[in-house]
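Structures incoming, each one as structure tokens.
Paired with chain B in one complex and with chain C in the other, chain A is shared by the two complexes that follow.
The block that comes next holds the complex of A and B.
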């Protein structure tokens, strides 16, 4: 036991010294996560805003102008052009100068006045399917609103009151503005923490092998567990520091709420860092060259943390087989825990017990294989 | 009554190591007595390093067995590790750490008691003449200094047996001479040394020499025995160079 502590400590001290001596790499470990947070944090939003709208108003009446204005009074549409013909609309969309065209034909207000169904056209560039679908939804909503307003005014004029048959009262819980950013920041955090924890540890063992230091350890009485724990210590401290910066950054810069238990948040993040670092260690034992280890890390940890974690692509929309595959990568557990702990009130460690259990089991399995593998190389 | 000789420090019995179809070490048996300096002599790639790597537990033998310090290599490797020191031609030091830090690390890895570790580090710095360089990063040291540091690192825990794999390659003759002086001082304290080299004149420093050729141990004995055995009745004393060339010629008649 005394030997165990002595050797583990010696390993950790050595690793601390080595990583602090390499200032450039150290700076990269600290700077890169902040850079990623800023880059993705500001870029990441699937909310559709400022869709470029061209308006063809052939009616030229107060009613038609009201309709057009109802579009541009929201953040959703920016009126970029007024056009005089349908052919102009085609070329604008084709050039990309406009994404949507609102066409109000002549006779719009006349039809309204005569209580006939008036026609309005809406042209949409569907090349960007996500933006197209959301813009279409906005447009339909806006037209329906003005539809209803007109009806009410007409009935008013006829002296008959109008009561809408159904009134929907919507209350959105936890993310009242339904901002995609609040939903995505936890994914971004998981992505950044994966990169930090894995990259710092994936070279830990392979570097010693590449530089020929490993042989000296092989003839020494040092054990696999002592190497792994000793090497884990400094990189875990580093990742924890990065995690603190990322949490503070996402709250301060992107308005992420901290509605649940902060203690549980700290716990699950630290647990995830242990998991990801263990992954890095394991990958580091698989190859004898740093480049290979890096490729493994990119393919097996970083890529899945974007594609298969629920960060960008919702897991429930994936085919069943792919959904099953997502269980194999730890990112999804952290993301769902973070979403629960940051967005929902009153959440604590009990809310996320499944995630905690999954990450713990994951860590145990990865550690087991890392130790086994390291034992094989040490022998 | 028969006097029982003390058990040998190193004993190899039919050691074999294959890499795929290639047999790097082919049925090598020998033993080294306590306090002896035993040299492995042979051209590059002859199997010297592979043998030493099997004895130190870095490589698993494909066949045969070996005892080091009285323990079986295959099953008791952990007990062996505390009793042996190993230094290779690569001088496996941490280049981004200072001389002192390297020594401290190996002292701790071998579980030296704290005060003892401190003493040994000071001793090693003194002994290797590296006092002015104690705070220097290892990567900035010239080859001869690295070699001395690597040797000191492998001696931190005062091993009974020292394995040296091409310890003098890439080092100038003065440093080489100094190195051998250190080795001699060690053997006077009872340390057993197994050293591989391709510098033939270095084999003169060894008590006994084993010549390895294509993975096979082709001759074994003291330098004098080998010279007499290979060139019987020669008036002028041959050098180890002559012995070596002759043995290679006999071992590979076709080439």
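The block that comes next holds the complex of A and C.
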């Protein structure tokens, strides 16, 4: 046991010196979390804002102007053009100068005055399906509101001391301002840690394989498991540092609350680092060429940890088959655990036992196969 | 230019890429796998959001409201609660995104013509979903109240009709607002970009690390001939990949480009100058493969993925960042390929994007070749 510790430490010390001598690489590892944290904290948002709206008001009455104003007084729509024909709408949308067109037909206020239901048109560029669906939902909400207002005014005119029959009182827990960035920071953490931990592990191991250094290490008294642990140590420390940077940065800069148990938070992050290293070890057994192994690692981490982890797109919206595939990308467990632990009050390790169990099982399986294959390679 | 030498070099590079069956799999088939996985993943709208209902009234009115929620395609009622103490644990564990609370006096208030107040308790940790859920649940509750009121007013007053306004929407290019239309060209662009930038950033760094760059220096190859040899194979593989992706998108998802293939392929080729050029440029700076790959994946890819408009709309960014996105070639290419694929937009409508993709590609490739040429001398 003492020999094990001594040899592992020697490996780790050598690995520390070797890998952090390369300043460019170190800078790249540290650039990623800082850059992305600032980007997500201050700049990126997928909320529906400033959708370019062209208005075709053929009615020219106060009622029609009111309706148009209800659209443009929100953050969601920016009135970019007033048009007079459908062909104009067509060319604006085709060029991308407008994303939506509101058409208020002639006779709009006449319909209202005659107690009929007036119809207004809404043309939408559906090319961006997500933004489109949200903009459409927004427009429907605005028109429903106008509809309600019009009816209420009519009833009022009948002098019945009218009140809206049902009102809703919204109570938002955990993130009262509904800040998107608080929602995204857990995902960002999983994304950065996946990339850093998996890719650095892959590079560290496969580089030695490609250069044939493992043959030399085999004749040394250091055992395979000690080599692997020693090689992983500096990158695990680096990843832990990155995780700490993200937590501290998001708390200090964006007011990210740490509402749940901090001990559980640290535990689940460390557990995830082990998972990611196991993944990296497994991937590094797939090829002895840096280029190939790296491509595997990058393709399996870059896009899936954005798209299939619940980082941005809710997993419950995916088709059932794809939901099953997301079980293979451990980021999803970390993300839901982090969301619970950082945002929701009164959460502890028991609240997230499912995620912890899933991560542990995943790690055990991947680690088993990784060590088996690595053992064969190193023998 | 010695065609024979360059030709031989291109052949050698191509066979080197295709020799390794794993590399062959990655360059050729990974994009298709990515396409199949990612295309149906990207939906932000509300579908089957799990909610719970806390009905403290237990009258036919309150059940009517609960039924309206259950009948909505946006929600799935998972739990029927009977006390306040059950609310918090459900939300905390993330098992529901919202709880609709119907107060005990709901039916009484409605009957008395007063305003009944319905509570919606939201899990704000998913801000986007919470916003949508709040809007839709409020809408359902108000609709219910309104329709009851209409019925009663009609009985009382015999008023035949009420004024109102309704929205008739029509969606262009993607009538069902399905994300697959939007995602196929985006994932196509993304995977081509990722695979080519990775491969080319490695190209020279690998020779340098193994020590074969010195050998290349003594061959009659010039810098730009070396560059051609390194990048030309990827024009072939990418053309193959694009074809494979287009065909599988058609077979699996039933979507195919609205615009002409005679525009789509040239657009891809032009864009390859940018992605391969950036990769080569990284390669001329990196001393080892590790450096090249880390710089490509940690500096370039996040910049490109997040600032290109792939997942986050550019118009939502602050102005300074919007200006920064002009430096991202993928930005122009995404507009271009989405225009061609989804709308069949003609060449003239997108000439600025064409010009930018071409100009960027020539510029960055030229810079990379110039540096290579100096290094080989």
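Here is the rule we use: the second predicted complex is superposed on the first by the 322 of 379 C-alpha atoms of A that agree within 3 Å, B and C clash if a C-alpha of one lies under 4 Å from a C-alpha of the other, contacts with A are read in each partner's own complex, and residues count from 1 in each chain.
The rule is short, and it goes like this: a contact is a pair of C-beta atoms (placed from the backbone, for glycine too) under 8 Å apart; a residue touches a chain by one contact, two chains touch by 3 or more.
It should be emphasised that the depicted structure is a prediction, and the values quoted were computed from it without experimental measurement.
In the superposed pair of complexes, A:266 makes contact with neither chain B nor chain C.
By the touch criterion stated above, A:86 is placed in contact with neither chain B nor chain C. In the superposition on chain A, A:312 makes contact with chain C only, not with chain B.
After superposition on the shared chain, chain A has more residues touched by C, the comparison being chain B against chain C. Contacts of A:22 after superposition on the shared chain: both chain B and chain C are touched. Shared-chain residue A:237: touches no atom of chain B or chain C.
Contacts of A:225 after superposition on the shared chain: neither chain B nor chain C is touched. In the superposition on chain A, A:35 makes contact with chain C only, not with chain B.
Within chain A, the residues touched by chain B in the first complex and by chain C in the second are 22.
Against chain B, in their complex, chain A makes its touches with residues 2-3, 6-7, 9-11, 13-14, 17-18, 21-22, 211-222, 379.
Looking at the complex, you find that chain C touches chain A at residues 20, 22-23, 26-27, 30, 34, 37-38, 40-50, 88, 91-94, 110, 113-132, 134-139, 141-146, 148-150, 153, 157, 159-175, 177-179, 181-183, 190-191, 194-195, 198-199, 202, 206, 286, 288-291, 293-295, 297-299, 301-303, 305-307, 311-313, 315-318, 321, 335, 338-339, 342-343, 345, 349.
Remark: chain B residues 56-58, 60, 77-78, 81-82, 84, 86, 88, 90, 92-97, 101, 104-106, 108-111, 137, 153-154, 163 touch chain A in the complex. The touching residues of chain A, counted against chain C in their complex, run 22, 24-25, 28-29, 31-32, 35-36, 39, 42-47, 49-50, 52, 67, 93-96, 108, 111-134, 136-137, 139-141, 143-144, 146-148, 150-151, 154-155, 158, 163-180, 182-183, 195, 199, 203, 207, 286-287, 289-292, 294-296, 298-299, 302-304, 306-308, 312-314, 316-319, 322, 325, 336, 339-340, 343-347, 351.
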